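Per-chain numbering from 1; labels A, B and C assigned in written order.
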Amino acid sequence: MKFTIDQIAAMLQGKVIGSGTDTISTIGKIEDAGKGAIAFLANPKYEKYIYTTQASAVLVRDDFEPEKPVGTTLIKVKDPYSGFTRLLEEYDKLMSYVKEGIEEPSFIAPDAETGERIYRGAFSYIGSKCKIGHNVKIYPHVYIGDNVSIGDNCILYSGVKIYHNTVMGNNCIVHSGTVVGSDGFGFAPQDDGTYKKIPQLGNVIIRDDVEIGANTVIDRATMGHTIIDKGVKLDNLVQIAHNVEIGANTVVASQTGISGSTKLGKNCVLAGQVGLVGHIEIADRVTLAAKTGLSKSVKEPGTIKFGYPAMDHKEYLKSHAVFRNLPELNRRVHELEKKVLNLRAN
Amino acid sequence: MKFTIDQIAAMLQGKVIGSGTDTISTIGKIEDAGKGAIAFLANPKYEKYIYTTQASAVLVRDDFEPEKPVGTTLIKVKDPYSGFTRLLEEYDKLMSYVKEGIEEPSFIAPDAETGERIYRGAFSYIGSKCKIGHNVKIYPHVYIGDNVSIGDNCILYSGVKIYHNTVMGNNCIVHSGTVVGSDGFGFAPQDDGTYKKIPQLGNVIIRDDVEIGANTVIDRATMGHTIIDKGVKLDNLVQIAHNVEIGANTVVASQTGISGSTKLGKNCVLAGQVGLVGHIEIADRVTLAAKTGLSKSVKEPGTIKFGYPAMDHKEYLKSHAVFRNLPELNRRVHELEKKVLNLRAN
Amino acid sequence: MKFTIDQIAAMLQGKVIGSGTDTISTIGKIEDAGKGAIAFLANPKYEKYIYTTQASAVLVRDDFEPEKPVGTTLIKVKDPYSGFTRLLEEYDKLMSYVKEGIEEPSFIAPDAETGERIYRGAFSYIGSKCKIGHNVKIYPHVYIGDNVSIGDNCILYSGVKIYHNTVMGNNCIVHSGTVVGSDGFGFAPQDDGTYKKIPQLGNVIIRDDVEIGANTVIDRATMGHTIIDKGVKLDNLVQIAHNVEIGANTVVASQTGISGSTKLGKNCVLAGQVGLVGHIEIADRVTLAAKTGLSKSVKEPGTIKFGYPAMDHKEYLKSHAVFRNLPELNRRVHELEKKVLNLRAN
């Protein structure tokens, strides 16, 4: 990246306060960026750094007025954070090692089809009857089982494992170690205490624009489909059981688990280490706070739940405030009992 | 699968109510199966679909009597669910891509032994002195370290990693990304605040008929063995620490963690996201509800525990019912205090 | 291992009580070790076994005096546990399969550099511009992306995935399936309900003497670095989000998750299944009990926290003791209400 401050300001439709002729060659955080770097200020907590930063330029909000002199050039924009994100994207394009071509040895079944501008890393495996779109990057050690379909512009990082019959849309990113299509956890208890495996014959469907973190697992359906809808973002180490359906643009943070056949609405937010039982339904725009355990359906869109068993978020916090003082409450009741005993004795 | 309804009924020892001559070519769920499909009805919640299903046949219980006319053929069996499972198995056998033979490049040490009808996928690795049984499927990117023994009829899906000296019985299934035999988490604190690694010299023993989900980890013992007994079923993303022993037919759901040297009895059920401290013992047939944290041994077989620290399941629910209303309880105590103060003032 | 008891006693500066001429060929646990084995006794709970053990020798504390006759030779040392650990290390060196050399096929970019005495397993991958130190063991199916730097004496077990630009120090051990450098979970919400990916341009820095368990994930920083400092030990299935910093010698147990930009001090201990929100700071020597959820910074070094939302450890236990009896407390308040009503009626 080699732009002048003026060029960057023009790109972001911002206004330059100070000199615009210096060259920006990198990006940084306001508290530790150096000369030649551009940073941003969005959170007021970081405002103090604007007076000490060594960055050559800082993106600030339209209405920001420094209370003291600043030694850096300011670029005033409507939204410094999203402006900075745009810069990051440009920087990423320039920096990223563009992978293309085929490294050997790699394995592809004779009846598999791949599109144009593909990257097939060394030791990658593509099974029989697979259909892979254009501009797909398949990193080393990726396994794609038989009869898998993958759309255009997808990236599968090293070690991703896709079981047979999985369907993936366009523009998806899957990080290392994630497993898609493993058998659902289904066993029929027998009279002698053993379990008999229930064959898992369905598959996984992942729609467009989905990103999945590292070492996450999505099980195939017993019958039918496990469905990850358009625009869903799953973090690392997430568990998605068989026949789960996740609505469009829902976000699931790390180490959360969703049990079998549960259906989530659109635009939900599940924080980290949340657990959902099976066979329930969650409305759109529901938020589950970290570590929440949900054992019942949530019908009201926009609800916020917390705790385990899950309660309304505010109610939980009120109950927990009393919980913190339970020994004191217990003592007060004991005191009352003594006083009432005295009163009755009189 | 191409059977007539009569043939299927005969196979399942069921009784046909309606026409038995139609051909069944697939399987489905009662709510969305179409012509040519067979479905089942076990859960009364789904009974309404029997009157609208497009399935050509539905397995129902012996004693099921429709309240309205049905447009599908019924096959009455003792247990529709297990009957259906049997059909799934037949279907699975016909559908599954039977893997056999050796794909290249693959790696096998000269002194390793493998049985008959083996599948060794491309990029699979079998180390020195390994003994692999008959009819074993080793998918691409599987790693089997030195001196590992694996019985007959096992399936190791792509990317399974088995460390040296592991012993696995017959008929085991291990899903992608699961690690067996990694070092236990053992470090001796030193006076200067650093930790010194304690060598982990034991191994992992997995007995017959065990199934393990994806991205699960089973650590090797410090000394001796980490033991997964016959018929145990482990879900995805489960953590089994060093020297743990899990009794026969115990089932462990996703994201549950069992700390070092803890011993579980037979036929226990651990729900999801449960945690157990180390060095405790759990009796047979114990159930731990989801997210339970267990820090003490459970001696009574058949106990159900819940919460953290874990309590008797029913007691926990009673306490939690009051917890939900703690602000109200607090208010009532405050009210009493005022009244008692008034009474004493009079 | 073939030493006499006298030789072992000399090595550990211990005093032999009994015959020192027998040969020790293996190690074991006091409760099940046999002839030719050495065991140790540190925990008084196991003292009963000293009178029945078949081990040829047992390490005991300096001041241990048996209450009954013992049939084994005792070696008295200052610290039996650390003495035993030292024996384990010796045993490990003799037993371990020393890996060295290059197995084929393996992949290394022409411009990557590796040191002396390297092991590169079959199907391992080393990307462009990598610098790998001396005496490094890279097991089969390891992926090392472009421009990664790895110090001396590191071990990367089968299936470890290291993304581009990662920096790792000396003497590190990473277990199978662990992912280092995957993208942080960063998405900017858009007005239409979709999310836009925020490019993750930083990297991961791992300092000397770090050990990481299996199937753990450490995300790269958005900008700057995710830092795992010297001597840190991470267990299996741990989640470390983008821009997290973990201080020297901090220990993190299995299935714990640390959210973005949170900073941990030195010598902290995080038990299993703990969760930390993002953007908080934890002082040195803080302990978080199992399953704790921490949503605020902890400024006091040495604090012990428990529960969720986290409380002082002892306070939590006191509150929980009352929680166990909440139905009884509720009944007592109800009783008081009746009595006070009666008193006021009189």
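The working rule: contacts are C-beta pairs under 8 Å (C-beta built on N, C-alpha and C of every residue); 3 or more make two chains touch, one makes a residue touch a chain.
Just so it is clear, the model here is predicted, and its values are computed rather than measured.
Counting every residue number used by either copy at the chain A-chain B contact, under half are found in both chains. Matching CA atoms, the turn from chain A to chain C amounts to 120°, rounded to the nearest 5. Averaged C-alpha coordinates give centres for chain A and chain B that are 26 Å from one another. Residue positions of chain A touching 2 or more other chains: 105, 123, 141, 159, 177, 215, 237, 255, 273, 323, 326, 329, 333, 336, 340, 343. The touching residues of chain A, when paired with chain B in their complex, are 105, 107, 123, 125, 128, 141, 143, 145-146, 159, 161, 163-164, 177, 179, 182-183, 185, 187-188, 193-199, 201, 215-217, 219, 222-224, 237, 239, 241, 255, 257, 259, 273, 275, 277, 293, 295, 308-309, 311, 315, 318-319, 321-323, 326, 329, 332-333, 336, 339-340, 343. For chain A in complex with chain C, the touching residues are 27-29, 32, 81-82, 85, 88-89, 91-92, 95, 97, 103, 105, 121-123, 139-141, 157-159, 173, 175-177, 209, 211, 213-215, 231, 233, 235-237, 248-249, 251, 253-255, 266-267, 272-273, 290-291, 320, 323-327, 329-330, 333, 336-337, 340, 343-344.
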